[in-house]
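Shared between the two complexes below is chain A, which has chain B as its partner in the first and chain C in the second.
Our next item is the complex of A and B:
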């Protein structure tokens, strides 16, 4: 692109660079527009009630951490944050272990009937979660399993395992076949070749997929709403409660403070693995 | 399965062990998903054909299609299917057009390109329930910053949550904010993968901007657009969190998408049998439409 630019006659180059500049300006403007809600959330979380409810909206104000102190010294919010961490990492780790194994099986192992299971599992993406939430609630209630971390972890497997399996499958397909073939000629068992050769090589992919899985579980609302009531309540449920609490009026300070704490760690993790995320998305759309 | 057992002895006894090793890669997934996915679906089917027994809190006696008949007669069910359809018809095209448009702008080669692309990940990972909550604050008719900006140019104030049509627009706006970045990221990769020489050739042939876009870029992008549409459709039919946190289905039932309606029928009104029947109808509808879309996108792929 740049080389053809320098070779082009001067007048054309100037016209090009004008539309080029407009494109860049547009790109920056749109990016800022998309970031604004998050920016405003963080800003509002440091405002006092008086500064929140005022027109014109205040961009500059005396920052206070009072909302954070109030909400995170109460017993329920830290407990819910902890629940979310337990459930999200638990579900993420369980799904990555199970889904990496089956993703590898679909990519590399000749298995009669396995492809059928693969397609069935892929089809499960069309199942509305509410069709699972109703029976899960009834079964969990009759078995005394409601309001437990393990119940939510298992419920999250319904969407995480298919996700991990298909992402890891396309990752393993892209690896050269000679890797484990040579290892197995050298006397490695199938498991040996998988755990000693394939897993270490795939670590970046596995870790990124784990992080996405944790993010997906971290934000889940419906199952958490249905399957928890007191002890295992997660942060999205708490936020839905704050947002839906219209009796005391809009508690924007609480909403933004808890929202900020929920979003910031996820954003950091997502930015850490963004290269892989974009690659995975692109592959999913073009090859899937 | 039975074929395997008849064939295995011919290959010698060691093959049995190998077969077990092969299947053990697949087995944990199969067992877990039968437990948490297949069994619940089966149970939903069972409840949908039964009366709900409040004593055992489970499926009671078999009633045949009674629950389905009740659901089909319920105008609220059709109303919320309609609401879902309206949301899908607005949200999906807007998001795909915006996504590819923004991707084109973002792909302008300059130093900050990678940074902008990374920043677009942020809305994508904001929990939908948080997204719903913060947009409710941004769009507040009295204190919201967006109505204030509109006020500066003499528009509004808009009652984003009080007017049924505006409430639907609100849902589409929030959903678009949350999901367009996802399409932007797919589209940036797809645009970068376009073959340069075809565009050079179009330019040499004297094709204008719109002609190039219409008859060169769009046909080349059609498979990716179709795939993006299918992925986005599968996410959008599950719409629940954003509505719950922003409009709560209101005003009236104007934004009560089907998942919210079934949720409320089941867990607020405790009509579990009817909810199960509705969930099954939605499941079948989703599967059918997904099948149609997949066949359509395959056709697009083979056309070019």
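Our next item is the complex of A and C:
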């Protein structure tokens, strides 16, 4: 009796630590699986062309920053990076403003046909982007808007706004409507209640949605490829250009170097807001 | 403080009419409880007074001012919601001061008024907390604090106690009563709990299906209910009903043929009738209506007897203790002035519920 009493907790503890260890190992395995391509990209970006094609691939080699120096001292890559920043933040902000307001309207305001309208907007996301790219190009050309930042921003909004709108709608639906009613009795208009009460409460959700939107716009390739030619070219297009360089063959070092620089801001962004991201995803439970 | 006049107010959602013309004049400083089963329109009426629902037809005046089409913020009212609706991102102090801030009240005055309200409600130590760090009763108190800081013309309460446990509910009920006696603000209080309505209000308005069934001081509704509905709704445990036909002036013949001697004949001389007797008005006697006891529940101060009379379950409430036992045959009498007679009408669910 006594021996089993003293042993039981120990066994349990050991068993728990075993399953804990297995879980950690599993987590490490999955992380490695996801991180390996990124790791390989960064590694490759510091290799010379010769090292890249050595078989078996070398893990240790003489690192060189030559590719970085070469490509980022050229005018076009930094310019394209700047274009990407402008377009991604522009599209992110515009879509969050429009999407949050319309998501709120869908969640709260009794409008005839609002639900149908919402579903129609969502359905537009079911259309393959390639089917939209060509008409978009024609519209942009007719309006003399090709190769401009604003064109890309508006084009990105076509897929970002439905996304933001539906995400924010479900967020707002989860908030008790008495919050706004209370604010309206306390002296706010509907807009005042929205900006003073609902927006501050929803900040984690709004910010995480904004970050998602910026990341989506940041890495978008198809519309940028079709709608830009020189001035507003974004970095994914530049990368595609390097990969598809048929004259000299793909410059893998350049590809990975530009790729690394493109990914870094996204990773930093995601790390910075990961607290919000998790909170934002788990939120809606923030009831009074 | 102010009067509140509701004049022939209707409400319809599309073609569905939910409020069928309600007129109610509330005096300055009066505490009125709207009570009724869910779906009777009491919350809709309250929300129309608050300006949260449009009035389809009719007029609402607060004081001398018509507010029918004014937005909520222009009505100078305060409302306490069932789920409190505290702003989760603000401290208790900011929650309570929010309405004053919207009115651009000077900061020092906001501070002073919030402090005063906090003192009344015993919230002084909680002013820097966020709502999520408060218990249910504390949140309820903050919600009331938010209302009284405003010093509004009218207080509106929408089932404010239904989220609390039974013990806290009783405590908060007396606090609300005390608060009303202290501030004397005109109050409209919506509840489905008739005990809450009876204990708090100066006047109880019983609503049913979008109309006022009866209104009056709580004890008047208890003593003289005008319909089966009000009789069933007011009083706990609910009234016993016997439906039947009157024969020979004062004999009630039930559906199964049982004949019950009525202590008085129906003053209106009806033949089809529903007779009501409150459980506490039955008296045990040697002769009278025969019943068989099925359950005896003693709580010390009183004893509740559940019995069968002509196959129907009835309740009898006896003060103090009794030696009646389950299975025993008893006889019941009722004083002539305590028997109720109504036009036949469907008996609402509340009266049929096991333990309301």
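What we mean here is this: the second predicted complex is superposed on the first by the 241 of 288 C-alpha atoms of A that agree within 3 Å, B and C clash if a C-alpha of one lies under 4 Å from a C-alpha of the other, contacts with A are read in each partner's own complex, and residues count from 1 in each chain.
Here is the rule we go by: a residue touches a chain if its C-beta (ideal position, glycine included) is under 8 Å from a C-beta of that chain, and two chains touch if they have at least 3 such contacts.
Fair warning: this is a prediction, and the values are worked out from it, not measured in the lab.
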Which of chain B and chain C A:189 touches, first, second, both or neither: both
Contacts of A:181 with chain B and chain C, given as first, second, both or neither: second
Partner chain in contact with A:40 - chain B first, chain C second, else both or neither: first
Which superposed partner A:201 touches (first chain B, second chain C, both, neither): second
First, second, both or neither for A:28, with chain B first and chain C second: first
Of chain B and chain C, the chain that contacts the larger number of chain A residues: B
Chain B versus chain C as contact partner of A:274, first or second or both or neither: first
Set intersection of chain A contacts, chain C complex versus chain B complex: 189, 286, 288
Contact footprint of chain B on chain A as seen in their complex: 1-2, 20, 23-24, 26-28, 30-31, 34-35, 37-38, 40-41, 44, 52-57, 97-99, 101-102, 104-106, 109-114, 117, 121, 123-139, 141-142, 154-155, 157-158, 161-162, 165, 189-191, 194, 215, 218-219, 221-222, 225-226, 236, 239-240, 242-244, 250, 252, 255-256, 259, 262-263, 266-267, 270-271, 274, 277-279, 281-282, 284-286, 288
Residue numbers on chain B that touch chain A, as the complex places them: 1, 3-4, 18, 21-23, 25-26, 28-30, 32-33, 35-37, 39-41, 43-44, 47, 56-58, 102, 104-106, 108-110, 112, 116-138, 140, 142-143, 145, 148, 177, 180-182, 185-186, 188-190, 193, 223-224, 227-228, 231, 234, 237-238, 240-241, 244-246, 248, 258-259, 262-263, 266-267, 272, 275-276, 279-280, 282-283, 286-287, 290
Chain A-facing residues of chain C, complex: 50-52, 71-73, 75, 77-79, 81-89, 98-99, 102-103, 131-132, 139, 146, 150
Contacting residues of chain A [partner chain C, same complex]: 176, 178-179, 181-189, 192, 197, 200-201, 286-288
